[in-house]
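Below is one structure, written out as structure tokens; comments come after it.
Order as written gives the chain letters A, B, C and D; numbering starts at 1 within each chain.
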């Protein structure tokens, strides 16, 4: 019996790292989680209980882990600040790489990963935009792709987190790149998916407020932002991001075409239960993004594995991740300058409006 | 200028009587409310403020009112116990009659109104099954009627009131005829509408419980009942009635055909507002049936008026109201006896199952 | 018997004029429609059938109509281009005025009505923003007003018409003031209502496309537009307007507060019917705004009437209508210039971003 | 490294057998599918491709498979007619048993499995009522269990399959035990779960029609059935089962308590996509029960595995499966006799109504 499994390592065992590790351990039949690394003692302790007994070798040091015999791939779920560096090291170690979004909070950092990947075209290098693996988004994309709504023209999307009164997001904002890079990056990636990966941005403009966490200002960030992204070709994406939702995770998308419209999660829900009580009819919604996208992450792990094992084309181009960061950073800049930002047709900044 | 208006009187000024009076006064352009009667002092006081200043003549005595010069029609919204008697008097006084449901809590009482009406074929005599005038039910009926769902085969319908802890329903049950005659009568009438007015009942069976108001037992009534009605021709209606809804009025109907299904109000709502709050997403629902059916009552007033003025055919046969009471009474009997009740093809009670 | 009714005239009998006339004729018990004017022969013909027989005197000339003995009020539903002029004439003739939105497509035109009204403080002069009279919007406002969602901070709203392939909107765009003045004016008015009538605009920016009607370009208009409006005080409204909806009228609003969110019509529907068929579960939605807002227009007629008869305060300030036009015009300008527009704290245009 | 996995075999590789096999192979980390059996050549061919390469040993003969060295458990997904026999053999071979529902189409057959299990109390023997493992049903149960809706009193539930014009269900009806045993068994099991596993049935009555497949009559079956089940203790379940849904699988449940109501899947959906098109707004629904309950089956496999490995209490009593078959068979009998069936308080048939 010789069923080949992809030997994969997981870098980083924070909130999302733990999940990736478990997905590859338990929910990706064609993969075998063989290693995991974390410099954090608490995370290491967790790994000793939840990973080591199942044959996963643990490392304090990422570089050491890369040397493990037989390793074929690595999923990078460490702090955003080291995404690009670790991704490049993985590539250089001849490993397939699944890197959590964003590749980097800068365009240059993101591009450096693309450049490294170009030198090793036999490797699969993917930025984990999980929504691309969500059944509902895929169904919407396929329906659009078959012409059901005509030509997609307007794209509305929002990433809205539940209010977290702990102040977590204030500290987090120091390194996140800002709400448009951290949250809206998903919506931007979706816009690029639905409008076409090679869409060229024409302008961006954004506004924001700090309604509940005024301290965000010190990191030049906000808790609520809206933005408009114009594309050459005559499409528009308009975006909303928030860290202030009372009810829970509220991520919704609309794709408006010349002959119809598709919505994804316009009515959030945790499950299929409705509660009738004296105050009316109520349904609960997920508290966090993982409650909404768990299955998408599992799909991602499985498809990435198949692409590596069977040498299949990845479902998205790595260069798109740079484009997404570029738009996210420009939105964040516009938010802070109060000015609209223009790009010419080859993607360079321009001083004047392109009509 | 001579636009003819229907001169109408309103008998009874209780909860529903007040509404009928105001509908004819203010919201039925082609009708003129010219009189109202009530034996009740409190109601009379209300009428002096709300009706008399607008030219409505008030009577303590129903019979006196019928003699008013020029009167053309009467809406009967008095206690159920006098519906039939007053309807017959109205007919005999040569008036068009719109009688609140049910015509009577007995089949014989209901039939007596039909018999009286038969002698005056020029008069419009209608039992006010308000749901027949509801836009959603009409849309569903029309869709079914054009064949959208094939042959209607199974009918599920419920009339469910908000829990009223005051004990009102216990007192009310003494004269209401029971929950199947008082509440389910609407669902039965809808079944007869959707399955065809001339459907013949084959059997009925019902069960019920007193979950919150055990004192209902003294009036042989329940606060929750379910029933099955079989028709010759191979259709089945199954019904639920309740006085125990926490959230509010919850009246829903499904019509299941051989090629599709229609639902009416499967997701109750007061309006188009949704509330996102820490416990989830909530919408409110109407507290009472009038919150759900106000516009249907207004439509009823206007269409009844048009039928009278323009000598049009009424939207439903009066004899159907007898059939509905017959089925409602049989369900109530089955509830109390614990036995299934059979009818032969000409509508007589039968001892044995009709297969 | 002496119940006083408001004697009102209707100017203009186009699509909306006919409706206003009939609302005051039939569905406003305290008003009496006594006159109507239209220069259009076809409309006049309609009026001879539908209004004249009920005692409404007809005029070809608006000015003539204003002289009618006993007239107390006028509803102005003529072409937008004459709204301001007719409103001012009505005021000068000592009449209460209900003017369809917008007062004018220019700020100056709108302000001239406000100036005229100021000279006659005993008159009720109102711009007919119908959504202020919609039960769902009112319920949402009241819930917000009682603090249910904390401090309102982000406002999303859209006015989206069904695609009309006839080219009607192209011709219409010549005089409409553009999609932001014609459609988004409703959303802007709602934003001013929910954020407070005295909110001061800080910046606007807009983008748009002509996805289905490229000829709109000749009137400097688009068929899809998005815009962001920043207010001093730290609130943001973001707007979408479209003339390209496949399914029908799709007007939705979200009010996002620091402690919750309210949505209005996030799931459009014509009625309470759902259709289960081989392609899934379907519901229909209104084809036009009147299907969505009919009852709001009727409420508007009744409340305006009450305010006139009982000398009550109108539910909104007339000056708000100027503010709405100012924002709408600025959005339309931004759309065409591609530039963000700034205002200082006293409402004057400014060259630089206000941070 | 010594992580213990449950060595399990799968009996039967038909529609559901294939799924169980794959769930245990790929989606149950703590189990190891080591064997599978089927007498069918086509199924065996499938197994050679999908199971054998992954180390699963294949058998034509169930009895042979039971002898496999080291086997600890068996999932029985063969034809209903051999469920009981194979379950008993599995028990006698000292294996944990997960048996697809129903244990048998007769009460006696079902009881024989319970009797066999009683002799081996160390074994885990479970009838696979998959809905008990569905997240939404569990959430509803937990909410009820904490008192959110007061005392559960009325239970409405339906199992409704998509119309299958192929005639499959006619042939299937010969051995299925009838629609109440095959479909409603799920709803009955849910009623027993929500009302309490030890609820005693007081009466059943059922009616049905053959609206689209008249040939079902030859197997004494129908394509649409409704039934009422009364319990001692004052609860009522009312049920609907159908094989005629146009849109797809339509399984819904309502639990009505004295202080609230819970619904599960009252608005079916395939995913979170809504489609806006000229005919309205549409969503798709699952074509089959597996589209609705896939994750529940996976949960079932994982929890059964944990119960076996960790010697935990199963989430439901095996005797409940007998009670469910008893009620299902009585409903099917009532359907055919046209008579209501009574039970006394100790579960024996009774001739007269229990009031």
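Quick note on the criterion: a contact is a pair of C-beta atoms (placed from the backbone, for glycine too) under 8 Å apart; a residue touches a chain by one contact, two chains touch by 3 or more.
Here's who's who by UniProt: A, B, C, D = Scyllo-inositol 2-dehydrogenase (NAD(+)).
Values in this document were obtained by computation on a predicted structure and should not be read as measured data.
Relative to chain A, the chain whose mean Cα position lies farthest away is B. Taking A-B and A-C together, the chain pair joined by more C-beta contacts is A-C. Note on chain placement: the centre of chain A and the centre of chain B lie 56 Å apart, centres being C-alpha means. Rounded to whole angstrom, the centroid-to-centroid distance between chain A and chain C, based on C-alpha atoms, equals 41 Å.
Multi-chain contact residues, meaning those touching two or more other chains, occur in chain A at positions 149, 245-247, 250, 259-261, 266-267, 270, 275-278. Only residues 245-248, 250, 267-270, 275-285 of chain D touch chain C when the two sit together in their complex. Of all residues in chain D, only 1, 3, 25-27, 29, 53-55, 135-136, 139-140, 143, 148-149, 259-267, 270-278 touch chain A in the complex they form.
Across the complex, chain C meets chain A through its residues 149, 151, 153-154, 156, 203, 205, 207-212, 224, 226-228, 230, 234-236, 238, 240, 242, 244-247, 250, 256, 258-261, 266-267, 337-340, 342, 353-355.
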